[in-house]
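What follows is a single structure, written as structure tokens, with notes after it.
Letters A, B and C mark the chains as written, and numbering starts fresh at 1 in each.
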Amino acid sequence: MTVYVLAEHRRGELMDVTFESISAARRLNDEVVAILLGKDLGDHAEKVAKYADKVLVVEDERIENNTEAYTQVIGELIKKDKPKVFLMGNTSMGMDIAPALAIDLDSPIATDVVGISEEGGRIKVMRSVYNGKVLSDLVLGEAETSVIAIRSGEFSAADLEEKNGEITKVDSPLKEAIENKKFLEFVEPVAGAVDITQADVLISVGRGIKDKDNLPMAEELADAVGGVVSCSRPVVDYDWLPKDRQVGTSGKTVKPKFYLAFGISGAFQHVAGMKGATMIVAINKDIKAPIFSVAQYGIVDDLLKVMPALTEKIKELKS
Amino acid sequence: MDVIVCVKKVPDTAEADVSVGAGGREINKERLTFAINEWDNYAVEEAIRLKEEDEGTVTVVTVGGKDKEDILRRSLAMGADKAIRLDMEDPEDSFVLANVLYTLIKDQKFDLVLFGAQSGDFNSGVTGVMVARMLGISHAAMVNGIEVLDGRTKTSRELEGGLNEIYEIKLPALFTIQTGINEPRYVSISGIRKARKKELKVMTPADVGVTEVKPMLSLEKMYLPPPGKIAEIIGGSPEEAAAKLASLLKEKGAF
Amino acid sequence: MMEVEEGNFDEAYDVYACMQCGKCTGSCAVSLRSDLNIRELMRIAILNENGELEKHEEIWDCTSCGICTVRCPRDLKPAEVIVGMRSSLVEGGTIPITVRDALESVGTNNNPWGRPKSKRAEWLEDLDVKVKNISEGEDAEYLLYIGCTASYDPRIQSVSRAAINVLTKLGVDFGILGEEEPCCGSEPRMMGETGLFEMLVEDNLNLFDEFSISKIITLSPHAYNTFVNDYPECAKRLKEDDAEIPDIELEVKHYTQILEELIDDGRLDGEMMNEFSETVIYHDPCYLGKRNNIFEPPRKILNIIPGARCIEFDRREDRSLCCEGGGGRMWAEGTGTGERNSIIRVNDANRDEATVIAVACPFCLSTLEDARATAGYEETMRVMDIFEILDEVLK
């Protein structure tokens, strides 16, 4: 039996979630076949083959950057080989592809999966629900192939065994170009002067900052400590900071040495973007906020009081 | 442009204490408050904006018991024209739900169907795309911008890293809406009262001809995560805590 | 309070009587630091130009202090005209996001702070004394109405706890509603959410009736004001519209009035207290003073505290400087630039060498506490609610 894994890539870059998907697939003790679709694939195939048992490559310009073409091609490949499981990241691409595939193949689907196992021939997944406050174990119904989309950052790709699998080119099964859904272009977020991915210290603010008028307070702290202000998504939704300051799955992934989260609850989409930081400090008035379970240090208090006090103390210590 | 929006009522568990009921199949909901799923609120707002720009109708749909009607009334007050509640118990899984919604929607007149990108409670993010597939129309998930052209749309999807990708999509189509696409308006209580005059249709699965399908996922159990590795809490008054943190940051070389 | 349908400010508020004298703007709490010009808004109301209201962001700057209404020589209610204007913005749906979220939270959580209803009574956890919970069937003469801010804001929760300690010590028979306590509706009303306010009045009167509550002590002057001045009129109107409103007469007192009664009855005096060697300056809350002419009770309480040297602001009683905490300003920072009134206030107190600013309102406590920190008086000055002072000095 085999598990198919999608190698996700965009604009010449292979995404980390590809290897995490391989890592997740390994929990099922089967042959792992990676599929790589699109054009100008560079050395992606070789990189993926290092850890996969096999790589299937479909080179076809019509597939590149088109989720509908992806879905159709993956569907055809699956119909031919009937892998037990098709696995990919629960990324934006995954959210567009996986459910469609499940309907096309009559497959059960589990998305945003954080744990995976096999018990008595049935696939069992763990999902985190109700704002991360509850875990649930679900069993997938019997089917030829099951579709699973894993949450990024949950399956470590650090200890993947080297396989140097075989790379096979496959003819494109796509019958015709997709006319109803045409990819036009990528649009970059409007770039500001600040690059939060380059900073060593991030002062990150969340919805708990309450008001745009409280942001100068964060800027002051950032100035004092020589860092940059970043934020969670609501802060961008509210137009309080530009999009390029957003940390998280739909913002930027940052790995600063110090990440100070003020009034950020620690939703996983946010945490996914910052848990690589060396030291995380959470300042939140709710001790039960999930951010405290990723932070090494925490202050349970009103950020509007702690933040200015911290600025003062840092200035004192510097002088 | 005729738009159908599917909406769900979800509990607010962001700050509330959550416990799992006996049997491990459900959380205790007595002390929770409920509201329209955040993503769906953006979807309703987007539908109304599309209507206001052009013309047409907005129909909101929910599947569930009578207690779910308040989110429909609220959507009507926001500017939707029609609401449909399909009266049934919470569906067992997304596949069952998608099947029900598909059966209902296929007989309606529409150019566009909007869903939330995901629900705030179960966050599966699958129902919309499944329905699109069943309807045989194009779809886009995680949509954060819609521009209507003639018989087509220019649709922006949110990708990782703050990047967007733009697709040209032929109508009819189905999009799942990401938060931040717009700024949902406030819905006043008297607005909701006035909207009582608008049509809220209750239908049964038999009315729409829902055929029974088997769920594809079965819940084994729900449980609370083990108390995680908890951060070391720096205590004291805000000033004291700030002083300790400042020294710590200095010690570790932050400045 | 009147409901303003689109385009009838003139009828609802009798605005034609306005002679555009500008006394309102002259007295306005925020006109010095914001674009808010109430005389100008009166003119808009006269001309019925309310289609343009969205452009007037400064409508959200009004603190609803009510001084303009007090000063108007024509006995008009300019402060209510603002409520009417906000109301038409609310009905249109385009309001500041923070106001929107606060109002939505009242609808879902019964408090404007976006906090879960199930955590409304968390402040009780650190308390040693046992409190009666009327919603659990316990009987008490008075309901102590805590209010949203004193229930959820960690700083203000200390006032709630102090109130329990003090009232218990003084033998007042009171109970609370705990988690079942609702929002009083004062802030939603001032933010223009008339329908929500009416709903709260209806629900709350029925709740009070269900638990046979007729005597209420409030911590907040805002709750006091709305129970006393807005509820009866609103209830009457609702009744005319066939709403089911119980026939109850509420006897509502701000807590300083109850304490004054206890002094008059000889149940509270300086003998019962330790020395409080502080220079205390009392800040009149607009909703107690200007709006309800309650000036004496708080002063009387402070004056019996042994050791306390009571001094007064130049701007006091009906000339007191508004702290900018009311009228929904907790959720709308406003367009104002320059020094906040609260900063001016703590600076004045500092100049007068006060060591304690005594307040009797949760919003005043919030704004002045913040200003004290901002202005750098953390070491030299405290901002305390009168209940907190009593809790500290009572033996």
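Criterion: a contact is a pair of C-beta atoms (placed from the backbone, for glycine too) under 8 Å apart; a residue touches a chain by one contact, two chains touch by 3 or more.
Small disclaimer: the values here were computed from a predicted structure and weren't measured.
Trainee: Taking the touch definition from the header, please name the shape of the chain graph: line, ring, star, complete or other.
Mentor: complete
Trainee: So which chain ends up closest to the centre of the protein, judged by Cα positions averaged per chain?
Mentor: Chain nearest the centroid of all protein C-alpha atoms: B.
Trainee: Measuring between mean CA coordinates, which chain is farthest from chain B?
Mentor: Checked the centroid distances; the maximum from chain B is C.
Trainee: Report, in whole Å, the distance between the mean C-alpha point of chain A and the mean C-alpha point of chain C.
Mentor: 46
Trainee: Indicate the whole-number Å distance between the mean C-alpha point of chain A and the mean C-alpha point of chain B.
Mentor: Centre separation, chain A to chain B: 20 Å.
Trainee: Indicate the whole-number Å distance between the mean C-alpha point of chain B and the mean C-alpha point of chain C.
Mentor: 37
Trainee: What parts of chain A, by residue number, touch at least two of the other chains?
Mentor: 301-302, 305
Trainee: Would you please write down the residue numbers of chain B that are in contact with two or more other chains?
Mentor: Where chain B meets two or more other chains at a single residue, that happens at 15, 17, 239.
Trainee: What residues in chain C touch two or more of the other chains?
Mentor: 97
Trainee: Sort out for me which residues of chain C touch chain A in the complex.
Mentor: So the residues of chain C in touch with chain A come to 97-98, 154-155, 333, 370, 373.
Trainee: Taking the complex as given, what residues does chain B use to touch chain C?
Mentor: By the definition above, chain B touches chain C via 12, 15-17, 31-35, 78, 183, 185-193, 239.
Trainee: Which residues, counting only chain A, touch chain C once they are in their complex?
Mentor: Those in contact with chain C are residues 210-213, 238, 285, 301-302, 304-305, 308.
Trainee: Show me the residue ranges of chain C that touch chain B in the complex, using the header's touch definition.
Mentor: Spelled out, the residues of chain C in touch with chain B are 90-95, 97, 99-100, 103-104, 107-109, 115-119, 193-196, 198-199, 378.
Trainee: In the complex of these two chains, what residues of chain A are touching chain B?
Mentor: Its residues touching chain B are 10, 15, 65, 67-68, 90-93, 95-96, 98-100, 102-104, 107-112, 124, 127-141, 143, 179-189, 200-201, 224-227, 233, 236-237, 243-244, 246, 249-253, 257-258, 265, 279, 281-282, 286-288, 290, 292-293, 295-302, 305-306, 309-310, 312-314, 316-318.
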